[in-house]
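I've put the structures underneath this note.
Here come two complexes built around chain A, the first alongside chain B, the second alongside chain C.
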Partner chain A sequence: MTQSFTKTMRRFITNDGSYLLLALPLLIFVVVIAIYPLFFSFRISLFDYRLTDPNQTQTFVGFGNYLRAFTDEVITNSVKATLVYVAGTVVVEILLGLGMALLLSAETRIAQIIRSFLLIPMALPPLVVGLVWKSLYNVDFGIIPYYLAQLGIDLGRGPLSELHLAMPSIILVDVWEWTPLVMILFLAGIKSLPTEPYEAATVDGASRLQSFWYLTLPLLKPTFLVVLLLRTMQSFKVFDTIYATTAGGPGTLTTVLNYQIYKVGLTFFDMGYAAALANILLVIVAILSILYIMVLERQQL
Partner chain B sequence: MQKMKVALYLVLALTLLVGMVGCGPAATEAPAEPPAEEAPTAVPPEATTAPPMEEAKPYEGVELSLASMTDQYVAAFRYLIPVFEEETGIKVVMDELGYVDLRTKTVADFVGDTAQYDLMTVDIVWSGEYGANGYTLALDDFMARDAEEMNLDDIMPVAWTLGEWEGKHYAFPLAGYANVLNYRADLLAEAGIEPPATQEELLAAAQALTKEDGSQYGIALLGAGSAGAQDFMAFVQQHGGTILDADGNVKVNTPENVAILEFFGSLFDYAPPGAADYWWDQRESAFRDGIVAMMEGWSIARAGYENPEISNIVGLVDITKAPVSEGMEPQYGFGGWGIGINADSDPVKQEAAWEFIKWVTSEEVQKEWLRHDGAPIRRSTLTDPELVAEYPWLPLMLESFEKGNGDYRPRFPQYSIVEDALGTYVNAFLTGQETAQDALDKAQTQIEANMP
Partner chain C sequence: MHKKSAAEKVILTLLTVLVIIFFMFPIVWLVTTAFKYGRDAFAIPPKWFLFDWTFKNFQEALDNAATGKFILNSLIISTGATTLSLALGVPAGYAIARTKSRLINLSSYFFLLLLMVPPIAMLIPFYLIMRDVHLLGSYWAVILIDTAFDASFVVWMMRSYFADVPREMEEAAWVDGASRIGAFFKVALPLSIPGVAASALYTFIYSWNDFLFALMLTSPKTKTIPLGILASFSAVEIGWGRMATLSVFAIIPAVIISLFLNRYFVQGLTMGATKG
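Presenting the complex of A and B:
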């Protein structure tokens, strides 16, 4: 992969310019959509910039907004909440998604039907999903607490308001919505595996568990990488479901970083601080992504 | 062949999904439809009550956009807007928004100077912020010009807090709410309890009316977000407390407020288990459902309890003044909505918007406004014999308005910072994440950190 990249670069530079010309629309697009906003957000993160200030003064504060974030207890709490949420959703979704992919990889009629129905949650807008689950969870009128109560399980203030239940409850919503995506990705990975190693393993007398452990898992590593990256980034960015279900509560328990950024930016209109927080989130996600790639790529080579 | 089948299933699933997803926007548009269809049938009776205004339609063809909170009064808007359009030729397009969305969208509109909305309903607590920042137009010139036809003295004095800031009016009173106590007359009579007159009696009654088996709770309360913050502030007011110090600075973590928060928390022991998560609509559902015996709240929902389509408690509800702490001079929380004009709007639109405000708050239209779930602002409406016969609780509201306090939630420009911090930490206390003292300390810290 690195080889082909250097080759492309060399061609890019030595060529008569037609390469550049052809790539230009994409370059312009990326600059306008990604690079310019990134620099803009970095710039305003260095200012005390509040939209609600009638004079719209922008005072340069250097890294003041970043320092404020590191001493702000609300932010440390929200980073913790984010990490718990990300870890919870990613681990559960990978385990469930892989299991479901293995279960449904057979080309039987039933598997095909189930697979297509499993796509439904993924295609619903997260806000709608959040609202639906909120009413399902409602302790006085909702269906989930009702049936659990029939079974003799008392939910107290309800799944979204009890301290030990709120986080698992919103993780469950995310798992419900995104496990199918993970399943599809694993399914694609499983379908593209070569058959020869399995035949060889069968000839050598390996059990199904052994061939799963020593063949399927290592061969699926590229898929794992994609799933991990995709789901981790998406989980870090979660907003809609939290906005619609707990709104960060009970107290501050499920106030993830992205929700806190929304509050700072769109409730207090404190744009400088919100931009600084968004950049911190970006750095955390970037570091984690690089770690994943390093760990999984090294093992593969 | 297999692939074909898979593709077929995928296409099927997709069409199914597109259908389901497609329902989203359509469903939100749907509620706006029926009133438009009702309009033609609704116009004739209205035309006879309203004075004939055939002479001139100076703003004919002007199109106004109105951002309205989805409170009860939105139904009155739905009914009255077509009538107004008929009379003046001004077109009013209403966008119905929830509390949080309304604020976010209108403030974004103000700070971006985009003038997407010409008219907006303004919560009493936003008036300071909107006034200080000049988001909405000061209406004083208009008011001085048209004072004669508007009979401004008829508007309840307390109602002016719905938009006044530092002597000017940035929103015109639209819907006045009084904090009252709704209670189930049948349940209280059955238990032999008098309607509570003090906060201490309220707690005792809530306890007595709660059944062990979870079939009935004493009181419905608000515990989450802005709603929880506002309910807490209402109880602070009813206990004679304040969240400001002598110099007008925010001071929420005083020993008195900690004690009031603990009292507020003890009421939750007799509220439905989900109450810590309630916003206004869920509290309302709980009461209408018939699982709670008492509910403090705005006077606006009273008529709805007699509507069998949305209420299980028809004919069972009575209403009384909101109980205050023992020995305290009675004073009642006042809230509600004003209606403002976007300062960025085109002057012609501003004139047309003022026509709308003048029309909807006029003495004659206010009667229809009240009959369609609007809330009163005028003494003439509250004392109209015909209306009092229809809505026997109006005298009680009049009294609550007379002794109303519209400032128990500070209406200064930083109000939203206070509300957000209290919303978060009152909920943290109610769900057991923090003690009352820690919760208010943290709220105070957050307020101070966010104050500009």
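Presenting the complex of A and C:
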């Protein structure tokens, strides 16, 4: 009994023990630098805690900050803006990304070169992306208003300032930045399609449009799901490009939830409320993340 | 097989050209603006290639001590976060790939989840903590929060990399008397240098491109390139030339990685949905 216990212990130390030792520094780091702040964030979300208050008082308000979020008109509006932004970017990127994947799926040298150039936008610092587009949209010197004016389209006070243009304009920036990623995912999906159904369809005299509609689209369903979840998750977290282009304006029209949290916490320094809002966003993104992981796991089986 | 008709070929080529124009014109505009005098940068109608090319903006940027400082700060923070993430993440990734313990195995999902946490949700408490421990404005503040995300990525990446490295060599080392940890350093690690390099590139780019963390956690002394670019933009007179020049410095790593090392980069961005 004792002997077998020592044996088990020794095996544990040489095997799992060693592995635990290799993982331990990271585990400690993550607990201190990531997990502790998230718990800390939950704690301060229960307090009325404003850094602008000279006495730095923290008043316990329970779930008051969370309840406040649900009745706060500013938050309701930012949630609406977020939904428009997420839906707009994800839908356009899926349609355009799928089209581009079909267009550039050939394994020719030229298609490969084009595909690697298309990766540049998503690798750029998002702040630079935002500033470049802000310059392109500039109503006095920007090239987009200039060329559209040549075509007879008047953009008024400019794409970022007109009420009906601001949201589509920042969605376009996101589309520019992230559609190539969607394309890559669809390319991977298309490559993994079986060839037999297509051969059978050709024998049966199906047109290319028919095999696309009845074969490719249904077979790509798992890819659609992955793209949808990944891009929705990422779209909820947009910050830099909005900061650089509209800064949430005109008015609060493009103030998405993520940007609103930044404003509450790091410009108004209403930390308790900001933490509560951030935790709400965290839960939304966590649910999407878990779904994403489950989908990926099921596909790899 | 269906043959494509001539008309179809023309349409497809046309569409391809449109795609290239749409995705490349902002980059072409940015890079060429860095080589323009002020009058050409604001010229209407826009001048794409036929203008007085000049290195004036680069000269001015390099003469300006602040520019060097921004670049240095970005290098310090990105290198620091990358080094720390690899030191913590690579051994952990190996442990997760090799262990038979279900618990350690499951922790890889935990790291994937951590990777997906909205940065702002981490930043708000982190800002307060850094203020309390008097690290606000130091390099460490940004390096530490970057590493929380970067190291999670490295674990995830290295776990799948090590899973493809055959175990036989390590087992042979065990027979020769090496410990598990010794086998990791002497056998497995040298075999996985490509994976480590790929992880390093991704984490470097992540920190290099970061704006939100640097915005809140740096001081005037530790500001990174994106903050420098922003400062040149919000000046009274719009400094497009200066903004473009600094941006060219900022996008160099991104362009190199997308053109030459793209499969690793995509693997990172899709969080495991594509396998290179």
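Worth a mention:
By definition in this document, the second predicted complex is superposed on the first by the 239 of 301 C-alpha atoms of A that agree within 3 Å, B and C clash if a C-alpha of one lies under 4 Å from a C-alpha of the other, contacts with A are read in each partner's own complex, and residues count from 1 in each chain.
Here, contacts are C-beta pairs under 8 Å (C-beta built on N, C-alpha and C of every residue); 3 or more make two chains touch, one makes a residue touch a chain.
Small disclaimer: the values here were computed from a predicted structure and weren't measured.
When chain A is checked against chain B and against chain C, the one touching more of its residues turns out to be C. Of the two partner chains placed around the shared chain by superposition, chain B and chain C are both touched by A:Val128. Of the two partner chains placed around the shared chain by superposition, neither chain B nor chain C is touched by A:Leu215.
Of the two partner chains placed by superposition, chain B and chain C are both touched by A:Ser116.
Contacts of A:Ala23 after superposition: chain C is touched, whereas chain B is not reached.
When the shared chain is aligned, chain C comes close enough to touch A:Leu38, but chain B does not. With both structures placed on the common chain, the touch criterion links A:Phe268 to chain B but leaves chain C unconnected. Look at A:Phe141: by the touch rule set out above, it reaches both chain B and chain C.
In the superposition on chain A, A:Leu193 makes contact with neither chain B nor chain C. Once both structures are placed on chain A, chain A residues 116-117, 119-120, 123-125, 128, 138, 141, 266 are touched by chain B and, in the other complex, by chain C. Taken together, the chain A residues at the contact with chain B in this complex read 50-54, 72-74, 107, 112-113, 115-117, 119-120, 123-125, 128, 138-141, 155-158, 160-163, 247-253, 255, 263, 266-270.
Interface residues of chain A facing chain C in the complex, by the touch rule stated above, are 14-16, 18-23, 25-27, 29-30, 33-34, 36-38, 40-41, 44, 100, 103-104, 114, 116-129, 131-136, 138, 141, 143, 146, 176, 180-181, 184-185, 188, 202, 207-208, 226, 230, 233, 236-237, 239-240, 243-244, 258, 261-262, 265-266, 271, 274-275, 278-279, 281-282, 285-286, 288-290, 292-293, 296. Contacts from chain B toward chain A in the complex involve residues 2, 5-6, 9-10, 12-14, 16-17, 20-21, 24, 104, 107-108, 111, 129, 132-134, 223-225, 272-277, 282, 285-286, 289, 291, 413, 416-417, 420, 424-425, 427-434, 439, 442, 445-446, 449-450, 452. Those residues of chain C that touch chain A in the complex are listed here as 1-2, 12, 15-16, 19-20, 22-24, 26-27, 29-30, 33, 41-42, 44-46, 87-89, 91-92, 94-96, 98-101, 104, 107, 109, 111-114, 116-129, 144-145, 147-148, 151-152, 155, 179-181, 184, 205, 208-212, 216, 225-226, 229-230, 233, 238, 240, 243, 247, 250-251, 254-255, 257-259, 262, 265-266, 269-274.
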